[in-house]
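In what comes next, chain A is part of two complexes: it sits with chain B in the first one and with chain C in the second one.
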Partner chain A sequence: MPSRRFLDLLLPGALTALLSTTSVMAQEAFTCPATGGDLIVGIESGVPTLDQHTATSSATRNVAMNIFETLVIRDENMNPAPDLAASIDVSEDGLTYTFVLREGVKFHNGKPLTTADVVASFDRYKELGVNRATLDVVASWEATDDMTFVITLNQAQPTFLESLSSYTVPIVIVPAEEAAKPAGQIEPIGTGPFKFAEFVPDSFVRLERYDEYVANDSFPGLSGFAGHKQACVDTVTFRMLTEPGARMAALETGEVHIAENVPTISQERLAGTEGVELVRLENFALNVAYPNWSAPPTDNLQVRQAILAALDMEEIMEAATDGAFELNPSFQFPDTGYYSTAGEEFYNQHDLEKAKALLAESGYNNEPIVLLTNQQFPNMYNSALVMAAQLQAAGMNAELRASSTGRRLLPPVRRKPRAGTSSSRSGPR
Partner chain B sequence: MLGYTVSRLLQAIPILFLVSLMAFGIIYLIPGDAATVIGGPSASAQDLAQIRANLGLDQPLHVQILTFYTNLLQGDLGRSLLLGVPVTEAIIQRSPVTIGIAIYSLVLTIVLGLSTGIIAALNHNRWLDQAATIFALIGVSLPNFWLALVMIVLFSVNLGWLPTGGYVPFSQDPIGWLRTATMPAVSLALLQAGLLTRITRSTMLEVLSQDYIRTARSKGISEWKVVGKHALANVMMPVVTVLGLILSVLLSGSIVIETIFGVPGIGALLGNAISSRDYPMIQGGLLFVTAALLLLNILVDVLYTWLDPRIRVGGGK
Partner chain C sequence: MTAQGGPTSLRNLANPNNVYKPVDNAGDEAFNAAFSKIEAGADLDTRREAFAEAQAIAFENVLAIPFGIMSNAQGVRATVEGYQPYYNTRVSNVWLEQ
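And now, the complex of A and B:
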């Protein structure tokens, strides 16, 4: 008996109810405002590879998710939504998840999608996928027939579909014969609305509309990574313009139609440029610092409370974003399923006296508190820099340690804590 | 001349060997454990063991060196961690882009530098000389990345003459190549042209004060011929000497310039390899760039002997 929230999405009645309460979701079936042409997008980072399973880079994800699809993905409100699955059933004990595939879906090479491809893709992700820890809770998966894929868990995990639908490094479905290939060596063949055309590393990726794309008809329009996807343009070219000045110049001259990550310093000028529209992405990223609970001194609750008491989030975020931020006490964005302000009294306290008192009680003896960050993403580095200064002001021996890169070349399995470190990272998981 | 060329080529071998030893050693120069640095803070013990095995770091040192050189002699530089393709393949794919722009830039450097230097020398202490000296000073002082950005604003955004970046292969569309390669080439060339202007100017001034020039002039030969035929041949010597230097700066400058203009050449390849700790790629890139520079310098030296027979030491012909 399906009773869970995510299953409600699949029932037409529930879908209507959801639409009426969520104003941001498309009310009518989406139609292309214009068709044809080449859409050129200036992206801020190089795309290292299109092997989605093995890439930690969000640049890979943003390009590859036009080519590939997953069984279940998130909609724009962060809720899990079926993508290649037509239905998802959960057994009453919460141990068995049954996915039935959508009919008529074909890969870009013309091969029909079957559960053999799903099994092979999951096998590959389990072996070399970046977030393969997601599958640690899984006992087994199998194809019971060509269209039915069953996952059995070791133990019930109420948030299993949430983790399975994570778009950080999505578990995309690739043809079984591609799934057999090592990391970084697959042909980018998926089931998505665009197929791969050309990739010149450090220059551009070009995708073409896949005319035989079978869209998910259970949705009226696109919602986040989910929904009824439709390719309006003939081709999309993602140009890698890592230099912000050059990227903005390309936008101004009309060489690119969309440019991401506009520096605050350029916004005023661009706002006055004819034909340029600035779109502010409210729910773009969260800056998060993880304290290490398993090593001193941050294994001490009072030390962690002292850190929290000392921080001035306004100042941190100002440095991180040049003013483009909203303070948010939650780990989720407003208007999303899990948003809550519980515990907000602990957020943004900026109470140095309280921090010092907590430190004195904790028995903290000036041990180094190492802030681990990277220099590739200025928002992370700047946050950590200001955070270190604030902790020092509260009497903590804070040290900043920055690696030269935020890009990991090889995927982590589990986060093994290091002595006294915390790390800074952005982006919802 | 052949003997000289061969002996210069032989001399390059120990240098290449030293550089290859350095390339091999890069992985050991990383503070701490290379696998930890490559794997990042969240790599598991299993990941680290895998990285060590992939890089051969779990083998004894002599086996590692032997494997490195065996592979190197077979042209196998390993597989790029970031791109997933063999390093040799990536370098072969990218080098025509950088070489094309470097040649374009070199031509611009020589034309600009030589002509400005000669004009300055011929108009010694007049306003043209001063203008040329200022041009040279500006050229030498401006950082090329800044110049690149200013050129984008001027020629792309304001005037709309050239695209802001990107790259079109010459074989696909020569005009498109010229449009995309011009700003990268000019931003690389201006600095070098400034250097060349100064050297040409001072050499030319020195040559023009020589006795044989006075003799030539006294014979009634036109000034054009005096400068173009008699003086220029001797001015070329120091110019050729700095060519090797100019080429090495063109290659290293391409890392920044290719990143700004989104040009997929060796520079961008190496820049990304460095920022993402792609050690096989850095090793391969180091070897390739050094070998290329060595060969170019040998070429310059051979050119030198051809231009000036006095240099042919040992009487080789």
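And now, the complex of A and C:
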């Protein structure tokens, strides 16, 4: 069957990525300049589970993606890149994707990786993976031999590899015997550069270097979630320091080497602290709220439009980030391939008169509009707090309801309808 | 959420995973049609056009309310080498000064 190898992935720059991947193979691969020690990372949220198939929490992913790997994941430029796959071939008709596994890869329990594990992992993800809709377009998958895994689609979907490589809730490959276990009950056994060592809930997770790790030689070094990975330190301890002040104090005193999410208010002080460097990711996340269409009053389009009309995004983002933000009328980051400002007339209106007029037309009768948020991520809580005040100013009966956990509040499973909106940051798309 | 590309960033608004929970999980018909065009578009320009159409519907019918972009700062001790901020806490290829 005619095919194209890891080809026109239809993302901007995909061809460039292919060419650069080929050219870097001649470069010297990364080797650790020094080894040993315990790298301690102060993380901002509790880790609810290490079952990556079933968890939307960014805290889970931050730890788990050092343990697990996928067939295909994103590189530094957000393009799909092979991870456990040595090659990816797509048939000319776009219906058949053939993945050949990298040689010599073993799980942390010593078992060699084969396509039986890939099949079992995909079966599990299809059953209970959070983003299992990614696989709706798939007619079947099969292992044609120990190293070859074939996916056949119902219909050609040019963006399939882009979907498959999403790291929102990635399809990590676990041993077949673990894949049979229910959600939240698998042992965290992967193929990545670090293996699981210890997990004390609400306290820490510790990983150890996996000495038999087989790195991906297609890359000279890290590239996004992909690349040539090596564990240089003996252990990594992820300490759950959810209170920002405690996390910053631990960084300043050297109790932790890395501290996640430095609050804006602490940045100036830390920038002047000897022995501490601040590193920044500008386009880190979109701050988003999701309305609930299934119950009144937000099942009413005019009520939802009134909510949108009332909002002052600058004030919300200022409260959410202490100034570390950019306004952005899009679901994409600027300078990315799909970026568009279509619909921007509905963004950041802060038009209370329009909101009130829409409410009057809608028949809104002061029903509660509940804003669901959580207390573990200050940006979400503060966004909802300001949003509630703005909606109240526009004549809406807005109420704040905050959970103590940082889980995304509306996972894609059906729940009992509840009116209002929820805020999200940690569920990357 | 992180913008991982057109279809990925809007998939949670399309059937069957529409997080805005439409009645009977029916979803916004116009949005679903536009989203299908993103996934099925044969070339990037077609998909970009469909993305813009879907995004406009998402704004107008309020499928989601994006507030803005957050940056993220992390603090790193000087004894840590090789660490680069990313959308995940990557501890590979990171070493401690001896």
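By definition in this document, the second predicted complex is superposed on the first by the 268 of 429 C-alpha atoms of A that agree within 3 Å, B and C clash if a C-alpha of one lies under 4 Å from a C-alpha of the other, contacts with A are read in each partner's own complex, and residues count from 1 in each chain.
Following the convention adopted for this analysis, a contact is a pair of C-beta atoms (placed from the backbone, for glycine too) under 8 Å apart; a residue touches a chain by one contact, two chains touch by 3 or more.
If you're wondering where the values come from, they're calculated on a predicted model, not measured in any experiment.
Contacts of A:343 after superposition: chain C is touched, whereas chain B is not reached.
By the touch criterion defined above, A:184 reaches chain B but does not reach chain C.
Applying the stated contact rule after C-alpha superposition, one finds that A:253 touches chain B and leaves chain C untouched. Residue contacts after overlaying the shared chain place A:197 against neither chain B nor chain C.
Of the two partner chains placed by the overlay, neither chain B nor chain C lies in contact with A:393. Touched residues of chain A, counted separately for chain B and chain C, are more numerous for C.
When the shared chain is aligned, chain C comes close enough to touch A:287, but chain B does not.
When the two complexes are overlaid on their common chain A, residue A:143 makes contact with neither chain B nor chain C.
In the superposed model, A:243 lies in contact with chain B only, and not with chain C.
For the contact definition in use here, the residues of chain A common to its chain B contact set and its chain C contact set are 410-412, 414-415, 421. For chain A in complex with chain C, the touching residues are 10-12, 30, 32-37, 39, 41, 43, 61-63, 65-66, 74, 78, 131, 133-134, 136-137, 155-159, 162-163, 166-168, 193-194, 207, 221-222, 224-225, 228-233, 236, 238, 248, 251, 254, 256-262, 264, 267, 270, 275-294, 299, 301, 304-305, 307-308, 311, 313-314, 316-317, 320-321, 324-333, 336-338, 340, 342-347, 379, 383, 410-412, 414-415, 417, 421, 424-425, 427-429.
For chain C in complex with chain A, the touching residues are 1-12, 16-23, 25, 38-44, 47-48, 51-53, 55-98. Listing the residues of chain A that touch chain B in their complex gives 46, 48-49, 51, 182-185, 200-204, 239-243, 245-246, 249-250, 252-253, 255, 372, 376, 403-405, 407-416, 418, 421, 423. Across the complex, chain B meets chain A through its residues 38-47, 50-51, 81-85, 90, 149, 152-153, 156-157, 160, 163-167, 258-264, 268-269, 272, 275-278.
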